[in-house]
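Both complexes below contain chain A, partnered by chain B and then by chain C.
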Partner chain A sequence: MKKNTWINIGFQAGALVLALLLTTLLLVAAGAPPFKAYASIVSGAFGKVGNVENILITWSPLLLTTAGVLITFAAGLWNIGIEGQMAVGAIFTTGMLRMLQHSSMSPALIIILGILAGILGGAIWAVLAGLLKIFGGVNEIFGGLGLNFVATALTIYLVFGPWKRPGVGSMSGTQPFDQKLWLPSLPHTELSLWALGLSLLVIVIVYFLLRGTHFGLRLKAVGKNPKAALLMGIPTWQYSIFAFLLCGAFAGLAGAIQVVSVYHRLLPNISNGYGFLGLLVAMLINYQAIWAAPIAFFFAAVNIGSVQLQIIYKLDSSFAGVLQDLLVLLVLLGEGARQRFLRKN
Partner chain B sequence: MNVELKDIHKTFGAVRANVGINLTIPAGTIQGILGENGAGKSTLMKILSGFFKADKGEILLDGQPVTIHSPADAIRQGVGMLHQDPLDFPPLRVIDDFILGRKGGLITNQAQATRDFKQLAEQFSFSIDPEAYVDSLTVGERQQLEILRLIWLGAQVLIFDEPTTGISAAQKVKLFAALRLLAQQGKAILFVSHKLEDVEGLCDCVAVLRQGVLIGEAKPPYVTKNLVEMMFGKEISVGERNPCGAQDVTVNLHALSVEDYRLKVRNVNLDVHCGEVIGLAGMEGSGQGLFLRAVAGMLRTVGGKVLINDADLTGRSYQVFKRHGVAFLPAARLEEGMVPGLNLTEHFVLAEESKQFFINWDQGRLLAQKRINEFNVKGTPANTVESLSGGNQQRALLALLRDQLSLLLLEHPTRGLDIESTIYIWKKLKERCKQGTSILFISSDLEEILQYSDRILVFFSGRVTPPLDATGLSIDKLGELIGGKGWPASPGDLARESTSGKGA
Partner chain C sequence: METNTILIGLAGVLAAAAPVLFAVLGETITERAGIINLSMNGSILLAAMGGFAVAYRTQSLVLGFLAGMLIGMLVAFIVAFSSITLHQSQVAVGFVLALAGRDLAYFLGVPYMNTPGPVLKILPIPLLKNIPILGPLFFQQNLMTYLSYILIILIWLYIFRTRPGLMLRGIGERPAAAYVRGANVNRLRYLYTILGGALIGLAGPAFTLNVKAGWMGTQTGLDGIGWIALSITIFGGWNPFRAAFGAYLFSFLQWLGLILQSKLPGIPTQVLQVAPFPLMILTLLLVNISDAEWVQRMLASLPEGTRRVVARLLRALRASPPASLGVPFESE
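Right, the complex of A and B next:
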């Protein structure tokens, strides 16, 4: 038993080292001094208070999307459509705020209704993917991908069409909302403790849901063996749909937060890749909710830190994505190699 | 091509599938391979056709020792196999499927292939449109396509695995004519079957396998009784019957009909009494599996009624059946019965079907430990189910069942288990019967069927006998029925032929 633990750690460490090695090679190939580049990522992430705030702002939607896909992964579903679910959440929130912004309602109520609308929007979009899978025979990966495109097109249509700024529509999004409709944030930043608190609450809920409830256990049974789950009396397709619904609700909440707390308007690329990043985090932590918060934080830090690369070395900040993707890929590879190794021995 | 198998051994884990088999098939003969399920027929054929590698032993083709690395390698060396479920590509056109296995350049010579196809088809008087899609063909036609394809690829040795299952009478006549023609052309034919009539009517020589051992060979004229005895072994002692004798009926089946793409089971009438055990005998895939799943509500029936405790549950889902006290235990324990990756405690918590929101893990662990002790499962509550041995998985599955059941449906309850586990499991099942649970079970082990059943239904190609009293049934009679002998002609059978024979 003890020996296996060491083997596991060995393979994980090997994957990390290999990921670093490969990114180093890439940095060299791109003409940047690797060690200085790493140092600038670290200082870019933690060098200034403002940067740490940015990390926390990124952390919040990432936690939510990770929490969502942990639910769908537990049910054995690949919810690729989470990007679109986040975007539709943002659209619903924007729509609700636009509808009520000139009313006499209290701003706090409007914000709450806006967030609830976002949750609803994300859930609807996710359930749609689920219905397509269960009743239409469309694999959730293809259905989700298709719905992502529809959501993007819908966002662009709204930004350039019915919801365009006075004058001419632009990629910079719809007309920003009045400051009274902003989620309260720390002074001089976009960091809202409400948003952060909600996201942390959600990940804690998901942790307990998967660990200590009959619902979570049944969801896992459906995900690991739907045939046996059915024989055990679990209504399998209903559980699948509910997993989609929960994941979509969390993604919708993430979209809503982007609107009410970060951008205060609808942007063409409002989901910003957080959905896919959430999938990566979930894979990296091997679907263990307990690790979601620290790893999502790490990913957020790499995202913010690598902005420095662009400023100093003219490397596009998408380099952060390369580092994250390599890490996930190699950790998965390491896991595969570990299983082969253990089977042989 | 002459085929010689010398001292073939193959084991899978603890199962000895082939033990020192020696067999010679001269070119131009049709060799029958007879045996019950699990006798080692398929293993032997898969070794010859390159799917498996023998642990020990030699294959000689025309006197030359050969090593066959893969099915593709086998066909290069002249050995082709037709599988029971045709290994073809339903979404493709016939001609594409035909060409697919052929080595060749980047561009297929379709015109030439089509000419070859038509010529070959004519030779065997098969009529298949090369432009049709494979999934529009009947099972029989797909088989014909596969025969043509293998011959075109140069097969000199052809293996047929249960080829008469699911095809019409007319197609069978055509198939047999084609096989005789192939033999005349000097090809060696291996005909694997459990159907005595087919083997007796076609084969020049029959080899009988039982439990991995070649029991003996026979030549025409065949004596059915001897073949049956070779297949199933000697007389079996019959176990004690259920003394319950209750007249309460748990299950009524009225003219129940089920079907899948190859089989139709028609008009089964059955009353199952409280505490009764009914064994479903027959070669695998004869319809008993369909029947059992229909009684569990897992398969939509196409006609008739299912009543459980006088409630008409026809067409309802398994969930509803389950609420009425029906439980189904599948043969594929890890694939259908349990959830790999979850441990025993988690299984017991799931099986409880609790209405609460939070799980009380301490209580769950206690429950699991209690059930583990009761059912003598070798494992701990924290063991994942896939880490248990087959016998312990089966015990755990029984331990997971609810207390009060009306009807328990089992597929191969003791397959792959050792004697001790088998006896233990039947002890537990008989305890349930004493409490009034009725049992329907499938087994390919005749001994098990005769030993534990009160009544027996025999299935053959979708046909079903009326319930037979187990005490009045001899092993010979049962073996013959399973092999398709001694059946009265019935109108139900005609219905079957007329629908599946449309493409003949």
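Right, the complex of A and C next:
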């Protein structure tokens, strides 16, 4: 037992070292001094208070999407449609705010209704993927991908069509909302403690839901072996749909937050890859909710820190993605190698 | 004049479908062997950038296409290795590779952005090019388009009319039975995944050296094409001819979007560009729906005459995946 612990740590450390080695080689290949580049990522992430605030702004939607896919993964589902769910959430929020912005309702109430609409929108889009899977026989990966495209088309249509800025529609999005419809944030930043608090609350709820409740246990049973779960009397398809619904609701909330607290308008690419990044985080932490918050924070820090690379070394900002992807890839491969090693010995 | 314009447009549809076709045919072979290569979107983008970069540096189109294929093979090898040898989830590894390939392409492609490179030229086929209508449509194309026609037929013949093709279907449907008959299931799965990867990789330079010449980073407009090719593979029911129909339909709808754009000024351009996707979902639904339990129950309750018609219609649309798609095989 003791020996295995060391083997496990060895393989995980090996995967991390290998991932860093690879990204270092890539930096060299791109003509940047690697150690200075890493240092500039760190200073770009933590050098100024404003940068840390940006990390927290990025952390919030990433926490939500990670929390969402932890639920669908527990149910054995690959909710690749999460990007679209986040976008539809943002669309619903924008729609609600547009509808009520000139009414006499109190701004706080409008914001709350907007966020609820976003949650609803995300949930609807996710349940659609679930219905396609269960009643249409369409694998959730393909249905989800298709729905992502539809959500993108819908967003673009709204931004350039019915909701376009007075004059001409543009990629910079719809007309920003009046400041009274912004989620209250810290002074001189888009960082809203409300958004951050909600996101942290969600990840804590998901942690306890999956760990300590009857529901979580049954959900995992559905994910591990649906046939056995059905024989045990668990209504499997209802559980699957509910997993989609919860994940979509969290993704929708993430989309709503982007609208009411970060951009204050609808953008063509409002989901910004947070859904896929959430899937990556969930894989990297081996679906253990306890690690979601720190690893999502780390990913957010890498994203913000890498902005510096673009400014100083003219490198593409996709370096953050490269680092994250290779890390997850090598951890997956390392896990496979570890299992193989243990089987052989 | 009007018919001529349409003819040129349709010839463009055939040419534009070629890269998608390569990817779809590659994925079809891979999935026939029982492996899902979900990395396509990343593979194609990385191969598109890498193929262009090599062709630009060496000024050789051949080396560019070969580089693209090599990149596709390498990514496919990682999928095969992690799933067959390391027993990791094909979907998880494929998904990560789909993102990694894309990010790497954008990261490493910066030096080649917006630089003009070599482009594949049109090569009309003597005699055939003069046939009215068919000539300008099929035979005034470039080599990649011709290759795409040939591959559809060759791969169909291979899968359905040859002994190794039978074995290929066997390792995807019933690997245990194929193993008993002497097939080295896992070695063949490696082989077909890498072979399929070569075709997927070929799709990359077929874009950047041909249909969408040049590398423009995120503006290249290729992000998402791999996911589309994946949907077309399912739509194609793992049959090269049906897959080709899907690829041509997609290409045709995109062209139609461009045409209609001038006729319907009220609709933003970007919407018509993505119009094929909702249609894709609808077809996926039609292709798969006969597998759903409630459809079977509903069918049973229909009156005899109607039932036969509906059942036949559903069967015609239906496409079932290889029975062991995504299922690892252990000989012990």
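We adopt the following convention: the second predicted complex is superposed on the first by the 345 of 345 C-alpha atoms of A that agree within 3 Å, B and C clash if a C-alpha of one lies under 4 Å from a C-alpha of the other, contacts with A are read in each partner's own complex, and residues count from 1 in each chain.
Throughout what follows, contacts are C-beta pairs under 8 Å (C-beta built on N, C-alpha and C of every residue); 3 or more make two chains touch, one makes a residue touch a chain.
Every value quoted in this text rests on a predicted model; they were computed, and no experiment measured them.
With the C-alpha superposition on chain A as described, chain C and chain B clash in the combined arrangement. Look at A:225: by the touch rule set out above, it reaches chain B but stays clear of chain C. By the touch criterion stated above, A:52 is placed in contact with neither chain B nor chain C. For chain A, the partner touching the most residues, choosing from chain B and chain C, is C. After overlaying the two complexes on the shared chain, residue contacts for A:29 are found with chain C alone; chain B is out of touch.
Of the two partner chains placed around the shared chain by superposition, chain C is the only one that A:80 touches, whereas chain B remains out of contact. Of the two partner chains, chain C is the only one touched by A:160; chain B is not. In the superposition on chain A, A:146 makes contact with chain C only, while chain B stays out of contact range.
Residue contacts after overlaying the shared chain place A:245 against neither chain B nor chain C. Only one segment of chain B in 8-16, 98-106 or 170-178 runs into chain C in the superposed model, and that segment is 98-106.
Contact residues of chain A toward chain B in the complex are 212-215, 217-218, 220-221, 224-225, 227-235.
Partner chain C is touched in their complex by these residues of chain A: 26, 29-30, 78, 80, 132, 134-139, 141-143, 145-150, 152-153, 156-157, 160-161, 169, 268, 276, 279-280, 283, 314-316, 318-319, 321-322, 325-326, 328-329, 332-333, 335-337, 339-340. Residues 318-319, 322, 328, 330, 335-342, 346, 349-351, 353-354, 356-359, 361, 400 of chain B are the ones that touch chain A when the two sit in their complex. By the touch criterion given at the top, residues 38, 78, 82, 85-89, 91-93, 95-97, 99-100, 102-104, 106-110, 217, 224, 227, 230-231, 234, 266-268, 270-271, 274-275, 277-278, 280-281, 284-285, 288-292, 294 of chain C touch chain A in their complex.
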